[in-house]
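I have a structure here, written as C-alpha cells, and I will follow up with some questions on it.
As written, the chain order gives the labels A, B, C, D, E, F, G and H, with residue 1 at the start of each chain.
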Amino acid sequence: DYAKIDTTRTRRTGYPEVIYGAGKTAEQIIGIVTAMKERQKSILATRVDSKKAAAILKTLPFLDYDATSETLIARAKKVEEVGNIAIVTAGTSDMKVAEEAAVTAEIFGNHVTRIYDVGVAGIHRLFAKLEIIRQANVVIVIAGMEGALTSVVGGLVDHPVIAVPTSIGYGSNLGGMTPLLTMLNSCSSGISVVNIDNGFGAAYNASMINRLISEAHE
Amino acid sequence: DYAKIDTTRTRRTGYPEVIYGAGKTAEQIIGIVTAMKERQKSILATRVDSKKAAAILKTLPFLDYDATSETLIARAKKVEEVGNIAIVTAGTSDMKVAEEAAVTAEIFGNHVTRIYDVGVAGIHRLFAKLEIIRQANVVIVIAGMEGALTSVVGGLVDHPVIAVPTSIGYGSNLGGMTPLLTMLNSCSSGISVVNIDNGFGAAYNASMINRLISEAHE
Amino acid sequence: DYAKIDTTRTRRTGYPEVIYGAGKTAEQIIGIVTAMKERQKSILATRVDSKKAAAILKTLPFLDYDATSETLIARAKKVEEVGNIAIVTAGTSDMKVAEEAAVTAEIFGNHVTRIYDVGVAGIHRLFAKLEIIRQANVVIVIAGMEGALTSVVGGLVDHPVIAVPTSIGYGSNLGGMTPLLTMLNSCSSGISVVNIDNGFGAAYNASMINRLISEAHE
Amino acid sequence: DYAKIDTTRTRRTGYPEVIYGAGKTAEQIIGIVTAMKERQKSILATRVDSKKAAAILKTLPFLDYDATSETLIARAKKVEEVGNIAIVTAGTSDMKVAEEAAVTAEIFGNHVTRIYDVGVAGIHRLFAKLEIIRQANVVIVIAGMEGALTSVVGGLVDHPVIAVPTSIGYGSNLGGMTPLLTMLNSCSSGISVVNIDNGFGAAYNASMINRLISEAHE
Amino acid sequence: DYAKIDTTRTRRTGYPEVIYGAGKTAEQIIGIVTAMKERQKSILATRVDSKKAAAILKTLPFLDYDATSETLIARAKKVEEVGNIAIVTAGTSDMKVAEEAAVTAEIFGNHVTRIYDVGVAGIHRLFAKLEIIRQANVVIVIAGMEGALTSVVGGLVDHPVIAVPTSIGYGSNLGGMTPLLTMLNSCSSGISVVNIDNGFGAAYNASMINRLISEAHE
Amino acid sequence: DYAKIDTTRTRRTGYPEVIYGAGKTAEQIIGIVTAMKERQKSILATRVDSKKAAAILKTLPFLDYDATSETLIARAKKVEEVGNIAIVTAGTSDMKVAEEAAVTAEIFGNHVTRIYDVGVAGIHRLFAKLEIIRQANVVIVIAGMEGALTSVVGGLVDHPVIAVPTSIGYGSNLGGMTPLLTMLNSCSSGISVVNIDNGFGAAYNASMINRLISEAHE
Amino acid sequence: DYAKIDTTRTRRTGYPEVIYGAGKTAEQIIGIVTAMKERQKSILATRVDSKKAAAILKTLPFLDYDATSETLIARAKKVEEVGNIAIVTAGTSDMKVAEEAAVTAEIFGNHVTRIYDVGVAGIHRLFAKLEIIRQANVVIVIAGMEGALTSVVGGLVDHPVIAVPTSIGYGSNLGGMTPLLTMLNSCSSGISVVNIDNGFGAAYNASMINRLISEAHE
Amino acid sequence: DYAKIDTTRTRRTGYPEVIYGAGKTAEQIIGIVTAMKERQKSILATRVDSKKAAAILKTLPFLDYDATSETLIARAKKVEEVGNIAIVTAGTSDMKVAEEAAVTAEIFGNHVTRIYDVGVAGIHRLFAKLEIIRQANVVIVIAGMEGALTSVVGGLVDHPVIAVPTSIGYGSNLGGMTPLLTMLNSCSSGISVVNIDNGFGAAYNASMINRLISEAHE
C-alpha cells in the first residue's frame, strides 16, 4: 500500500501522473505502471537508471527505455505533435537533462526543436541558430557551469523562456546552485526557473504554454 | 553617460525597457524617463521608494506614483486589457509584491484578477476562490514564510503557475530563501519560479503567456 | 570500553536507551545489545544496514531485522498498544523514514495508523483520509521535496503535528534542508520539527504525548 | 480587501487566528482586530513594536500592550488556566522570546511556570530548578548562542520538550541558525523544534499538549 | 600606535600602500595620510564616505574627494597615463564600483576607457562597443545581478579579463555572491575574479598587467 | 527576576562571571553589577555601547568606561599582572577586538604585549616583531579579511596561538566567516579558534594558559 | 620533487612535521618517511587508510599501524609521558577521532586519560567522571551531533578546553558544521575550537599547553 | 549532433578550444578530437580520468596521456616556450592541479617554473625560492586547506598573481570553498582568483599575460 495513484490528475492539471523513479524500487515502479496501464495509454517514468530499467523491462517488456534521458516510456500509438518548443543547451554535457525534457515534451504531444552546444564561450553559435529559436512558442534553455546563456537568450526572444540549471561543473558550482542563482537573478526579463537538472519540469511548463497557444490558434 | 537606453527592446522581446529604480539616484531616473518619453507612451519604474518618488515628481509631474507597489507610471491613454492573469497571495503582508506584479501586468495590457490572503493555514479560503483562479490563462502565486500555497495551487489548476517567493518571515526564513527553495522543489508540476520579491518578473512572464494565448484566440 | 550504557534512562526520560547503529561496528552493537539484554526486555537499534544486520544476527539470532526501516528489534512478549499516532507521508519514497517512526512507536507501546502517499500534488488524497487523521492523538507528517504537506495538515487538525523532513529530492533540495526549512517556517501553527530523516525522533516525541494523553484518560 | 479572517480556525485547530503584526500596517491591524472583535472574546497580536502599538491603542484603547513581549492583547474576562507549562531560558537576553511564549500560553488558558537564566555555563542553576521543571506537562526551552541547554534538559525530563532557538549571539551564531541546528541535532530524545525566536509557535504547540493532557485528566 | 605604514611596498610590489578607509576613524586616516605625505607624492584612500571625507578635508585641504567612487586623492602633479584599460559595466548601478576602479587605475598611471551600461539584456549595446574594448590591453568587467556579461566578453576578446561582481541586486542575489559565483564558473576562459565590489583590486591587477605590457613595448 | 548570578563560577572555572552587555538593558546591567559588587572586587561588562554606558555611569559612577573596547570595568585596587600574553593584529581596524581582549586579559591579572598592524601584506612588519612575540607564553592573533596572518604566526612560534577572526571586510568576507574558516583550516599546527570578534573569549583562554604556566613556575 | 620536508620545524614550533596522509599516494608517504627517518626518531602519519597502510608496511615494516585512529607510527624507544591530558567523548562513534588525538598526544610525550561516551543525553555519566577530568592540565572534548557536551564541560572545569567537532550525525548536522558552530558559540568560557574531526590538531594544541605547564613545574 | 566545435576561437580569443572531459563520454571525446584534428595541430583535453583515457587511446593512439594532471595531449611538433610562468604550490597534495596548469601553459607555448610544497607552515621554504619566483612574468599560486600562501606571495612580488584554491582539506574546508574565500578576501593586492581546482583556467590567464609581455618585448 505504498502508492496512491492520482487518477484524476489529467482532469485537474491537464496531464497524467508521471512516475519519479529515483526514490523507488523496481518492484514499486512495476506495481505503479501496472495499475496505471489500466487507465491511460501513455506512461512516463523518469530518473530510472539502466540497472533498474533492465529489471523492470523483464516484467514489463512493452516499455521502451531511453538510456540518455534515463526514461521508461509506454507511448500511445499516435501522439500528434503540435506547436513548437525549442530546447537549447550551452554544452554537450547538458544533453542528459535536455533529452529528459525532449522526451517528456514529445510524449505530451509537443513538437520539439533541439539546438545543442551553443554556449556563450562561442556566442556566434547561438546567433547562427537565433532565427530557428525565435520560431518556437516557448524556449527551454539548459545550462550548467555559470548558466549565462539564459540571460543572453532572454534578451533576444519575445517568447517565454524556461530556464533549467544543470549540475555540470565543479568546485564553487556547488552542484548546480551557481547556474540556478544566475538564472533567478537574470537581468533579462521573461525568464522563469525550475529546479537543478529538472528537464521534466521544464518540459511540463513549456508543454502547458505551447498547447494553450496551439489550441487557441485552432 | 551613465545609461544606454535599450531602444529596440520592444522589437526584440515584445516589451519596452522598464526602469529598475533601486540602484539609481533621482537624477538618473529623471534623465532616463526624459529620454524614453520621446520614443514610448507608457513608462514604468519599479522599486522607487516614496522619498525618491517625491523628488522625481517635482521635475516630472506627469508621472503617477503608487505607494503600495512603489512604482512610478506614465500610462498611455488607452491600454486595452486582454485575457486574464490571476494574482494569488498567501497573506496580507505579501501585498506589496502582489501590487508590483499587478501594476506591471496592467500597464502591459493584461486583465488582472486579485485573490489575496488565501494561505494554506486556512485552506478553505483557497477552495472558495478556486473556480475564479481556474478561469485565468496564467496564475501568479505569491507567498512568504514557507511558500506552501504554490504547491497546492499547482496541483489544482491546468494552466501555468508562476511562483514568487517573498521575504516575509523571520529567522530560518533567510530573507525569502526558504519559500524560494520550496517553490523550486515543488512536488506539483507546472510551476516555474522567479527571484524573491520579484513581482515585476512574474508579471512579465505571465504577460508574455497571457498575450500569446489571447492573440492566438483572436 | 567504548560505551557507557545509560541504565537509568527509563527512570529519567520514560524510555530506555535506543542504539543508534550508524556510527558503530557490528561488534560494538553486539556488545551493547548483550549488555542491555540483562536489564530490559525490549531492545531497538536503528540505522543498521542489511549487511551489518546479517553479521549481528549470526551472533544474536533472537533479534528481528526489518529491512524497510533498517531496524533490529527484540520485542518484549506483550506490548500493549495504547492511544493512536497517525503517520502521514507525502510520497512513496518517504516510506523508509515512516517505517522507522512506525516501528519505534510500536515498540514503545503506541497504536499506529499509517496513511502513505497523500502529498499535495493530489490533495484530494489527503482529504479522503482526513477523518482518520483527525482521530489520532498526535500526527507525524513526513515529507521530502518541498514538504508543503505539513502546512496543509497543520491547518486542518487540532492535535499536535510532529514534522519530519526527508532527504528525498535533488538539486536545490540540498539533502532535505529545503523541507526542513519549509516546516520550520510553516504559516500553520501547531507544528514542531525534528531532524531530516529522523523517524525515530518523531516517534519518540509522539509517543511521549500519546502516552501522557492515554494515561490521563485512564 | 487585504485580509480574509479565518473564522473557522477554532473549530478546525482548537485556537482562533492570532495576528502576526510584523508585516502589517497599524491600519491593517486595527481593521483585523475590529473584525475579529465581533466574533471572539480574546485577541492576540504578536510582533507589534512599541511605535505601531501606540498608534493602534489610540483607536482601540481596550487593548493591552506588553512591551517586553511586544504583544497586544484583548483578554476575555476570566480565562481559567489549566495544567502546567514550564518556560526555561538559558540567559537574561532570551526573555523577550520567553515572554512572547508566556503571554501566548496564558491567553490560551494554560498555567505557566517561568524559570529564566539557567544556562549550562552555570549548570547548577538548572539542577536547582529541576524538580519544578519536572512537574510541568510540557517544557519549553529557549536559548540563543549555542543552545546546549535544550539537550541537557531533554536528557533529564520525561515530558515533551519544545525547543526555541533565539537570535541572541553574534558572528558565527548566524542570527540564530546555530542554536536552531543544535536543537535539531540533539543527542537527547523527546525534543522538537520551532523557528528562531518563535515564542508564539512554541506556546501554541505546548498549549495543545498541555490541554489535551489536562482535559484527559478531567 | 595603531598603524605601521608599509614603507617598502612600492619596492616590493610596484605600488605604494593604499588606505582602506572603511574600518578607520577620520583621525586615523588623517594620521596615516600625514605620515605618508612625507615619503610619497600620490596618496589614495578608498571607501571614505562623504561624512568622514568632510571631517578629513578640514584638516587636510590638499586632498580631493570624489563622491561617486568615495575616494580621497592627493595626485602627484603629472602622472603620465600609459597603455589602455577598458572598464565595462553591465548597468548604471555598477558605476560606483566602476569609478573606484577608474580612479585607482588613473592614479596608478594607466589610460582608462569607460564603457558603461552594456549588459546582456540588450546585447547589441555591447557589440556596438566591441572594437573599442578589443583595443585595450586588459578589460575590467563589472556586473551585479547575475553577472553574465563577463562570460560574453570573455568569449569575444583575446586579452585578460578581470571580473568584478557587484552587490547590485536583491533576494537570491545574496549581496553579490551570485555574480561572484557566476564569474568563477564562467564557461569562457581568460577570466579571473576579485571580491564583490572590489573596484580597487581589479584596477590594481589590471594596472600591473597594462604597465608590464606598456613598459615591454618601450 | 531576569538574572541568576553564577556565584560559584570562580571556584568552578577560575574566573568570576563577566557580563555580556549586548542583549541587556541599562537597567538590567545596573542590577547585575549592583548584586555582583557585594561579592567580588573586579567587575567586567563587555559589549556596552557608549549610549548604554552613559546611562549606567549615571547610577554607578565608580565604573570606568573604555570606548575603544566598549567595556565597563570596576578594577580591584591592585591586580598583579603575571606572565605574558602577546596580542597581534593584522590591521588597524582590528583594534576594537584587540582591546576587548587586552582589557579582559589585564583585569584577569595577565601582563599584555600589544603588536598591532603587522598583517601579511607587508610581512616584514611581522618579522620585525617576531622575537617579542616569541617571548610570550600565549599568542592571540586577531585578523579580519582573509585571516592569513594566523597561519604565518602559527608556523613561527612554539607556544599556543589563539586565533580571533574579525568581521572586518566586505562582500565574500561574509561578516567574518571567511577568516573564521581560514583559521580553522590552517596548515600550521598549534592554533585553536574562538568566535568572530570574540576578543573576550580569546583573552579568557589565553589567561587560563598563561596563569597555569606562571603559577607552575612559582 | 613533490615534497620539501620542514627540517627546522622542531626548533621553530617545538614538534617535528607530521605527515598528513589523506592527499598523498603510498609512494609519496614512503618517500617522505624514508627522508625523515634520517633525522628524527619518532614519525607520525595520520589519515592513512588501511589499504594505503598495507602498501606502505610492505616497504617500511618498522612502522606500526593503528586501525582505529588510522595512524602510522615509528616510536622512539622511550618517550616519557608527562603531565595529563583528558580526552572526553560524547558517544561511542566519536572514538576514531579521539584515538587520533590520543595517539598524537602520546607520541608527543603526554600522559593521556580517556573518558569516552559521556554525552549529555545521560549527563550523570559525565558527573561520575568529573573529578578525573578536573585533574587534567588540559581537556579535549570531542562530540558530534549537536556537540553540547563541550559547553557543559567548559562550565565545570578551570583548565583550558580544546573542542573537536566530529562529522558523526546526519541531515542538518551538515557533516559536522553543526557541532563546530555550537562549540564556537558556547556560552561557557575557556573553550577554543579546531576543525571538524581534527583529533591531531586538538592533541597538538593540548600537548603544547600540557608540556609548558609540566616543564614549568620542573 | 552533440557538439558544435568553436572553430574561430583562436581568432577571437587567442587560443583554440580545449576539451573539458569531465561531462563527456569516451565516444564524444573521440568525435570531437577527430573533428578538431583536421584544423589544428595541438589538442588538449582536461579532466579525463585514466579509465576514459585508456578507451580513447585505443582509437586515437597519437594522443599522450598524463596521469598526474589527467590530461590528453596532441602536441604540435615544435612549440617554442616563451617568457616565464611560475607555478607555486602550498603542499604536495596540490600537485594534480599544479600539473593541469603546467601542462596547459606548456602546450600554449609558455616556459614554466615549478616551485612545489612551500606552504606557510614552513615559510622559510618560500623565502628560499623567492628570487626564482620574482623572475617570472606571472605567478600562479595553488593552495588548499586555508590558502594563506597566496596572500604572502602577493605581498612579496610585483607581478600579477593568479590564485587557484584546491579541494584539498576536510571538514569546514567545504570542498575548497575556504581557500577560495581566503583568496578573494586577501589583504595583499595584485591577486585575482579562478574556480576551485581550475589549474587550466589559471594557466589560460597566465598564458595571456605572459605572452602579451613576451611579445611586447620582441
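Just so it is clear, a residue touches a chain if its C-beta (ideal position, glycine included) is under 8 Å from a C-beta of that chain, and two chains touch if they have at least 3 such contacts.
Please read these numbers as outputs of a predicted model, since none were measured by experiment.
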Chains touching both chain A and chain G, listed by label: C, H
Contact-graph distance - origin chain D, target chain H: 2
Between C-G and A-B, the pair with more C-beta contacts: A-B
Taking each chain's C-alpha mean as its centre, the one farthest from chain E: C
Taking each chain's C-alpha mean as its centre, the one farthest from chain D: H
Averaged-CA centre spacing for the pair chain C and chain B, given as whole angstrom: 43
Centre-of-Cα separation between chain H and chain G, whole angstrom: 35
Rounded Å distance, chain F centre to chain G centre (Cα mean): 26
Numbers and ranges of chain H residues touching at least 2 other chains: 12, 91, 121-122, 154-156, 171-173, 177, 180, 184-185, 188-189, 195
Pairwise chain contacts, counting only pairs that touch as defined: A-B, A-C, A-E, A-H, B-C, B-D, B-E, C-D, C-G, D-F, D-G, E-F, E-H, F-G, F-H, G-H
Touching residues on chain B, where the partner in the complex is chain A: 12-15, 18, 137, 154-160, 162, 180, 184-185, 188-195, 200-202, 204-205, 208-209, 212-214, 216-217
Residue ranges of chain E in contact with chain A within the complex: 90-91, 119-123, 145-148, 150-152, 154-156, 169, 171-174, 177-179, 181-189
Touching residues on chain A, where the partner in the complex is chain C: 1-4, 6, 8-9, 12, 17, 20, 22-24, 28, 32, 165, 167, 175-177, 180, 195-198
Of chain B, residues touching chain D in the complex: 91-93, 95, 114, 116-118, 121-122, 124-125, 144, 168, 170-173
